[in-house]
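Here come two complexes built around subunit A, the first alongside subunit B, the second alongside subunit C.
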Partner chain A sequence: MVGDAISHAVLPGIVIAFLFTGSRDSIPMIIGAGLLGVLTTFLIEFFHRYARVQADASIGITFTWLFAIGIILISVFAGQVDLDQDCVLYGEIAYVPLDLWLTENGLSFGPQTIWTLGFVTILIIAFITFGYKELFLTAFDPGYAAVIGISTTLWYYLLMTAVSLTTVASFESVGAILVVAFLVGPPATAYLLTDNFKTMLVLSVIIGIIASIVGYYLAYWLDGSIAGAIATVTGLQFALAFLFSPTHGQLFKRKRTIAV
Partner chain B sequence: MKEFLEFFSFADANIRYVTIGSVLLASSSAVVGCFTLLRKRALVGDAVAHSVLPGVCLAFIVSGTKNPLILLFGAFVTGWLSLILIDYITSRSRIKEDTAIGLVLSVFFGIGILLLTSIQHSGNAAQSGLDKFLFGKAASLVGEDLIVFGAVAVLLLITTILFYKELKLLCFDVTFAKSIGFPVRSLELLLTTLTVFAVVVGIQAVGVVLMAAMLITPAAAARFWTERLGVMLALAAVIGAFSGISGAFVSYTAPAMPTGPWIVLIVSMVAILSFAFAPKRGWVARMLRRRHNKIQILEENLLKLFYQLGEQHEDYFSNRTLDNILTRRNIPKTQALNGLSKLKRQGYIQRHPDGWALTREGEIRGKRVVRLHRLWELYLTQYLQLASDHVHEDAETIEHIITPELEQKLMEELNYPALDPHHTKIP
Partner chain C sequence: MILHVDNPVVEVHDLTVSYDRKPVLWGVDLTLPAGSLVGVIGPNGAGKSTLIKAIMDLLPASSGYVRIFDEPIKQVRNRISYVPQRESVDWDFPASVFDVVLMGRYGNLGLFNRPRKADKDAAMQALEKVGMQSFANRQISQLSGGQQQRVFLARALAQNADIYFMDEPFAGVDIATETAIIELLRTMRAQGKTVIVVHHDLQSAGEYFDWTVLLNMRLVASGPTEQVLTQELLEQTYGGKLTVLSKVGDLLRKQEFPTRERKS
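Here is the complex of A and B:
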């Protein structure tokens, strides 16, 4: 759920970055959103640990608060901000090819978003490859990780920065809410299919890719939002895994209990 | 000021609608939110809010009209379904609850967006306005909406009052509720239904994302001020109503301002101030308490040192220098001096040119600490069979906590002993 919270809470960061630079340039926006992402994580922790607010409530309060600030900022500077609420909430991936990255002498490098997303993807892959051991340990055995000298707090915040980065990069294309489907769906599906962490990583990437392709055609067929369609497919995939997974599926579980 | 008066005279029908609508909505969802918060399910409101969208779209596709009742019905069905699904996924697989919530809400929302865009692209002229479910339209509430809001608010309040005892038990002790024969499953279903109701109606005013705040933020703020459920419910409703009015006021003075986000902003500020400054549970109050405890411990430790020095020399009231005092225990010098001057002000010690000396009161308090320490050591060795060299650390802590009543009990239990396990006298 922290991913969900971050994806909503980065909104003021994006708006502020936009107000400072006056352009829809990706880099300042990513920085602004990244900062807000870390701030969100910090606030959630702070409310929970120091003010003893229940964990789920502290998440809910933080992100709605920041999101409200974001919307208000948009309304205050409505004349100057070329962002609208619809785009923030559900984006439109179909416009990606229209936003080309042109150099000053007119050379086209293709859609700008592809470059941003590509860069972020490489960054994330690098982050996971180099930090694999630390991330793995922090996720599964924070106690042991702390004993062998890994700063769990540092890695937690790094991971959350990565989450914010991904969120912001996907923001323009899919919006703040559907990015959650992409963050949570494939891993949850993979989690039902395997017990090995590495397999789970690879599997979730494959599931994500399949969802995007199938989703695209579904959207084309229904003449609807592509992001929405991808999220729908993600849900279907999870439902399939939930029912038919060889190890954790509902059907096999039932059969097994009957056989016993 | 003029605007203020204008607003609060409620002469303008529109102001009246917006304000009353916001207040009804904010306070009724705050009351329901208290229960979801206490059941540690604060985020389900968020899930329901997002899951409402496909229901609205489906209802529109099926019926072809924008009749609010039909749309609300559709919203209700999918909102409810999403909660059932979350429960089902969490109980039947190893997916954790927060993952299930995130998954269900985003997938439902995705389906909703897919349907919504599909409807919009289909060129059906009647579709415009469906997206008010996304962002809310508190500022354009009209009389009709008010009737719906009012009805739902009254319904929610009445149900809460009728089932107050049952819901209370459900929040605090499910096992007990089960054992005395309460229909726990149906009660849970009732609470779910209430939540969905509050969300479905509220969402039209504040929109998908902010609906979660209307449920949990007032409840969380109220939780910091009281330990009683009844008070908490009332307080949450008041906080909700207050932010409802303020939000309406802000958007009245500055027409470009969206009402919903302002309501949420104000309610969040109230909540954050409550987290910080509420008496007892607030952050500041806890910090102060901790500091107070620390000072008390320091003072008692110093007095204890005086007393122990007195025991050594069999003379409790003569001068001790600072070095003298700190030989037995390593307290940082500045801290010790601080504590000493505090003790002087309270009249427990007196300042002399070359040091400090206990007063009569100081001697009594120091003696008591030493006695408690030794009593506890004895108690541990006699009743828990701990070795006598293991009990000191524990006694160091407990000596500051034991109350006079407990002291009396200990004395009785140990038969008014004279010596501690190290064979020193218990004063």
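Here is the complex of A and C:
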């Protein structure tokens, strides 16, 4: 649940960036949050490895502590400004179209988040494309990777940096809870649907897109929270895959055992 | 009885390894000859895996140093291969047999390069050597223990290294796989490769290896197998469990009662 941890722990980074620049511009906030995200992964790994605390305990201690610092910073220094704690947690995707990127002479480039997220997306795709074999190997068999001279520590931190960058860039618009739903839900569903790693990567993205579209119309129809509806759809997708997946589904498994 | 050789491939000096400040290997000092099949033998918890991991620099040493081909390990990484314990990875990982074997080529590819046709051919040849070519597209989660072990071996073969470290490659495999593996190891030795195998079965050790290392937290013996597998040295290695062990020692000397059936 490192993604969960990062999405909470970046809060002090955002507040500090805000205090330094005095603006709610997304670039300094993403830099501040990104730095805190990387620091979080380092701290988690540090406590786990050197203090010999269990991984989950190490994650828990790190992110609650950093999140709490963030809350205190908000209440002490930024109380009078609109840095809403709820907004950080839940986000509000419906406001995205209102936050436009306007140039000095009034030219509009559309919503800001599309640009920041688009940039991060390209970065992440490049990272996965170029580092594919190293990521694949270090995820499957770190011991062997180390013997043939591929640094597992380096790739672990690169991956975690990518996770924290993604988290930070997305949660501004969709909130921490939906970020975690997206980090875990679609890949878990894809894992149940295929045995091929590359297919799994592509499938996760498609499942994520479907969840967003279906979730949005569900919220529109129910007149409810968009983020909540999307997260619900990712849960439903997982349940469907869990039951009906042709390779791993519970239903087919039972049928197969009966047939045999 | 610790014999040293001239021009060793592996040279370990005064190696001490600790977990959480508690030493699990004490002052190991050994040399291994080139082109040999080496068995590392000792009771559970003797530090056999720890020894080979420390030699490969997977675990930090509290003291001492290791040289391979008379160089520090970092300079000869591409000549070293490793077959980890089968249980050390998640076999439900979404990958095919071929994907895993192809990993053997990653070390020589360098950053950003994708596997080329030559790499894919080498991976396929390695699969043929272990008799698994028809399983190339099989998911690794659908393999038996013996097949998993062969896949790991094929990955190491695809790497075409000069020295191989194998952690319990015979643990929990069927007899056909065991025979196939030992045949393969002998072929590798004939090609001048050095293979270091962590092994737990005393009975087959005498037959498989030409150099044996006896270990129980400290180095008990290192030398040609027939000089090392003596009752006295085995007793030193296995310490307290001696009543059983003296029997095993007797068995070993006579070689009359195989502990399992063999394919003739």
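Remarks
As a convention for this text, the second predicted complex is superposed on the first by the 257 of 260 C-alpha atoms of A that agree within 3 Å, B and C clash if a C-alpha of one lies under 4 Å from a C-alpha of the other, contacts with A are read in each partner's own complex, and residues count from 1 in each chain.
Please note the rule applied: a residue touches a chain if its C-beta (ideal position, glycine included) is under 8 Å from a C-beta of that chain, and two chains touch if they have at least 3 such contacts.
This one's a predicted model, so the numbers in the text were calculated from it and none came from an experiment.
After superposition onto subunit A, the modelled positions of subunit B and subunit C overlap sterically. Once the two complexes are laid over each other on the shared chain, residue contacts for A:Glu45 go to neither subunit B nor subunit C. Between subunit B and subunit C, B touches the greater number of residues of subunit A.
Look at A:Ile148: by the touch rule set out above, it reaches subunit C but stays clear of subunit B. In the superposition on chain A, contact of A:Val53 is made with subunit B only, not with subunit C.
After overlaying the two complexes on the shared chain, residue contacts for A:Tyr191 are found with subunit B and with subunit C alike. Contact with subunit C, but none with subunit B, is seen for A:Leu137 once the two complexes are overlaid on the shared chain. Applying the stated contact rule after C-alpha superposition, one finds that A:Ile230 touches subunit B and leaves subunit C untouched. Once both structures are laid onto chain A, the subunit C stretch out of 38-46, 74-82, 164-172 or 218-226 that overlaps subunit B is 218-226. Overlap of the subunit B and subunit C interfaces on subunit A comprises residues 52, 191. The part of subunit A that touches subunit C in the complex is made up of residues 52, 130-134, 136-137, 139-141, 143-150, 191, 194-197, 200. The residues of subunit C lying in touch with subunit A in their complex are 20, 53, 56-58, 74, 77-78, 80-82, 84, 88-90, 93-96, 99-100, 103, 106-107, 109, 111-112, 114-115, 139, 141, 155, 159, 165. Here subunit B touches subunit A in the complex through residues 37, 40-43, 45-46, 50, 89, 92-95, 98-103, 105-118, 121-122, 131, 134-135, 208-210, 212-213, 216-217, 219-220, 256-258, 260-262, 264-265, 268, 271-272, 275-276, 281-283, 286, going by the rule given at the top. Contact residues on subunit A toward subunit B in their complex (touch as defined above): 1, 3-4, 8, 47, 50-54, 56-61, 64-65, 67-69, 71-72, 75-76, 78, 85-86, 89-90, 176-181, 183-185, 188, 191-192, 218-219, 222-225, 227-232, 234-235, 238, 242, 248, 250.
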